[in-house]
């Protein structure tokens, strides 16, 4: 299968990081097409940027020339997820959505570790929107700087590990989702330091996307996810306008 | 006060309709600046278009040259509402949010009438996101065509009235929100035909926006709604990039 | 418009305080009729007193001789709110209800600061009843004595400010409602000391009541809020018995 | 034990009916003191009357001269229940609360049959307030006239039986609570006509009150239910003012 | 009445403890038949053991030769409760279920004290399943060793009392359920040391079972609790196979 | 990988059906070990049988001699799922759990079709336990007889298709889960007849189990799912007693 890794950040460095994490877990016959947004924030970190990134996601998807069988939305706020599902006939998975769904099979009470306090409310809303209101043990916002990863990895890891442990000890979390693209691959590295399973959204997302392709459910013909036809849009990329304006 | 009526549809006809409904209820000293989106769908009717409209809303807000004291987001899916609140220092109100909040003071069980079945799940999610999971009596999707309004208004009104009555009789709704920009002004016209209070989002939104301006709460300095500074965006309108990239 | 400020405490001093706060925010053409309960607690502080205050509210409303266009129930437990809505043809707003509704447009996670631990469970129930179960960040009960307000205002303000900050820092609250009649006007005074918007119920209630009058929704003819007719009551004030016993 | 049957309606005929139903299920050594409200509605049927009845309940409880070990609040809206719990040192049970609690042990999905559509929203709110949001299968409002009971009992029973059956067949209810004082004793009469267990609030309330007396839990010394002391009330019955104004 | 005390632990010592606690509260004419499981864990302390205990419970109930009018499931995870209700024509009560239901009439916010951290998530799930999601103030897991009860009772009591107090002070609990068979009888012993009512599941369960027998609701003929007939099982005790395989 | 297909029914015919459905979707290198329960019901259809099946599941898992990397619990009530997760170091997936999780990525509002009315409440509870309270559009119980599958397949398919359509039309379901082992493979057969995606639990479960094996999260060392050691059980299969009684 061909998996489109849609990074709705514009930073190609982030894309490269995500791609590495994705390849590490993808099936041998999964071809990964890593793309980033054509406009918007280098690294999405605010609600405004997330809103723009949803548009950039649709733009990216419509503009893609190569064929693909599924999409992993590789931006941790999952912005535009349901719109992308409407736009395309193939399965689309959000990385935080996938992380939560898989985590929910590994423990009853789910903890989340996020980088930075600012977006804590956003991730809380996101978890609720997927149905995990009662399953959420807590969210820990940690001050770990991704730029430390190369020079001093332990400076990056330590606060994440501490956040995980607080979730386990204080909130009785039984599994922890490490939220964010830069967390890809960390569960294996940190597994021995946290007494409950760790999950990251990129790995979970690749696996869930592959599963959905093989499930092969039909595309919806009714409801809010049926593909739009004959819509009239102006001022957006021609490929996107064409995709929504088609004749079904 | 100066109220920016932000229609994230691109149709200026819809904007004119909304503006009339807004003026009918606005305070005498409220100046209304009606604007529509610079890109996107003429009339937003799908999830993809709603995602694009959120960006178009931010674009519109950043590009506005005239000063304003509050914003009424006049697109019934309220797309981009929280992002707009982050972007701006002034109050922002969503029309469906406002309709639900005011309706919640007029009856315990709230019904909603929407035009067309396609978006029914979207409005259900929206009502839940504002906290009305347990208050929602039901949603009726009706087949009423706005284009009938001029030629045969009764053909437009009748299914709406029937939808309201079903909500009252079958679901024990005690108040009904008429959802959609084209519903502005209908509550007064149809009041005698439905035995419970009717609310529309434009009227509710204008009133709520005026109330918030007079409340005068301070702008948040922390959390997910604090105004972003120093953000780096590319490929968006320069005014929007500047607004997010400022120095705070 | 004429706004009846219904203080279901019997203390006229509290009424005067509320009235000042209300006037500070009311529209120039809003006439405020401040009334207090004819029986019950001087300052309601227990569940029993709140139950009595609900009756006192209805008694006060039925006995009022002057015409009025809306009611602000100015007792922070909002006791008797839905009964008053049933009794009257005009809009009725609860001060804590109004505070929560307006606060919900200023931040996703709402904190509440209340005076004294005793009523903390009551306010938690109240917030849930309005639909804010998932939006409530936390409730802080502080030991601030209103009687300090004149002699040593800072002794009154300091614990409130600390409570707000705890809600922001520990619970990621993005807006805080200051609960209680004596909090009227505090948001402006304390705004610089708390990094998120502050709201008080009196200001919110006046603004919401004015908005509802201008909305002009019809009175319900069916459901649990339709005005009762032909009811037989004994042992209550003749005006109240008459109001419920009328012929509709 | 001595059980105070507190009917917050003023109708002594209703009290007599309730008393009969209560005696039919009470333990041999339970002495029943049946009392009705000293003011308010003959038969409470509106929100306003329910608010007044809460005060009348406290008034009745404070005025009672005879000793008692527990209270059954025998008005189906349970108005004033938590206030009564605060006021008294002995257990207090609401009849609808008791019916729901016992019903919840007999079936997972609970149906309710109520007399008349008007109060349907009230009973829905009540069931939610006790935690049965997810357990509630549905509420059927039936037009059965208690006055038919003597002349043509089947005219009264038939719509109730039909309501029960609709709840079972349409909503998969596994137990049904018959709501209202006049329903006392009906479960036995109608058991053969409905395929799931039936419960009434009077029987459930008597049994639960007896159980709580024997449980013998201590009176709360903190929180919102600790007995108030030293409160200042005016314009209420001297016994009630005294009870709240005591020295603890 | 004859109450079958079904301890789905295999330890007869635990059974004896439970029996003592049950007799202390049972009505004079209640005959208690205490039984323990024929297979499974001595003292259930894990999810696997709880699953086995559910089978052991049904096995025990089917094998019982003496007649009985009700069952108290005396294992604090209530495992197999709804299955037992399906299997039998008589009322069945779970000890933690009963404790929560009675506690819910004594305080709005319910705390739970459990022995050991391991099962904390299980009791949280259990409380939610009975509808107490919003009523649960918190759960305290304490390290109190039942074996200390004889040699050094205070070493057992002290952490329990501290757990209760934390629930009251930190979480505003208004009533506390002491969870576990070994907690039977503790509420009376510790009442003076905790400022809110204490409840234990054995006492609550005996009282609730007695109440349900006297309520006399009919056995369900439809739904998921109707007694199965004509089922084919192999490899289970003949009495159990026979009970499910009967001809109705 | 080696996937243990654990059918907690004792019927080997059902096991064969499940195995066929599983093989149809499994990866080429997935070895499927299909096993059925050593005791219990031929085809589980009641709550009592489901409770016994949970024990039978653990018994089956402990007795398995061949190595395996994951388990698919192939009984649609998912009984014993969390216990099995505690017992084993490898991932365990419930078929209805898996179906709901994958379905939740294909549509916002999830419908369920179940065979027979009796278990409808059970599946409703199950969906809630996984967090889908707000996502559940409805459950349709249909009278389709699996024994018709060979002789007259259309007699089996038709009511299922009708049930799906009712969920789409009446409840706005956007995806439907076909519940039950016998539904395996039906989504492909019926896809053209229902306008939204269909999912079955066996296919979903195989795919999710494969994904979890590849995810490779560590086994929990704390919490309610950490593997028990040193437990003392009697009267169960020696392999099961040994597995729980080990030394960790």
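Here the chain labels run A, B, C, D, E and F in written order, and each chain numbers its own residues starting at 1.
Throughout what follows, a residue touches a chain if its C-beta (ideal position, glycine included) is under 8 Å from a C-beta of that chain, and two chains touch if they have at least 3 such contacts.
Values in this document were obtained by computation on a predicted structure and should not be read as measured data.
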Both-way neighbours, i.e. chains that touch chain D and touch chain B: C, F
Of all other chains, the one whose Cα centre sits farthest from chain E: B
Distance-maximising chain from chain A - centres being C-alpha averages: D
Size of the rotation, in steps of 5 degrees, that lays the CA trace of chain A over chain D: 180
Interchain centroid distance [CA atoms averaged], chain A/chain F, Å: 27
Chain centre separation in whole Å, for chain C relative to chain A (CA means): 43
Interface hub residues of chain C, defined as touching at least two other chains: 82, 85, 108-109, 120-121, 125, 133-134, 172, 174, 222-226
Category of the chain touch graph - line, ring, star, complete, other: other
Which chain pairs touch, all of them: A-B, A-C, A-E, A-F, B-C, B-D, B-F, C-D, C-E, D-E, D-F, E-F
Touching residues (chain side chain B, partner chain D) in the complex: 108-109, 134, 172, 174
Residues of chain C touching chain B in the complex: 25, 27, 82, 85, 91, 93, 97, 101-102, 104-109, 130-135, 168, 172-175, 187-188, 191-192, 195-199, 203-204, 207-208, 210-212, 214-226
Residues on chain F engaged by chain D in the complex (per definition of touch): 117, 120-121, 124-125, 128, 133
Chain B-touching residues of chain A, taken from the complex the two chains share: 10, 38-42, 45-52, 54-58, 79-80, 82-87, 117-122, 125, 129, 223-226, 228, 231-236, 240, 244
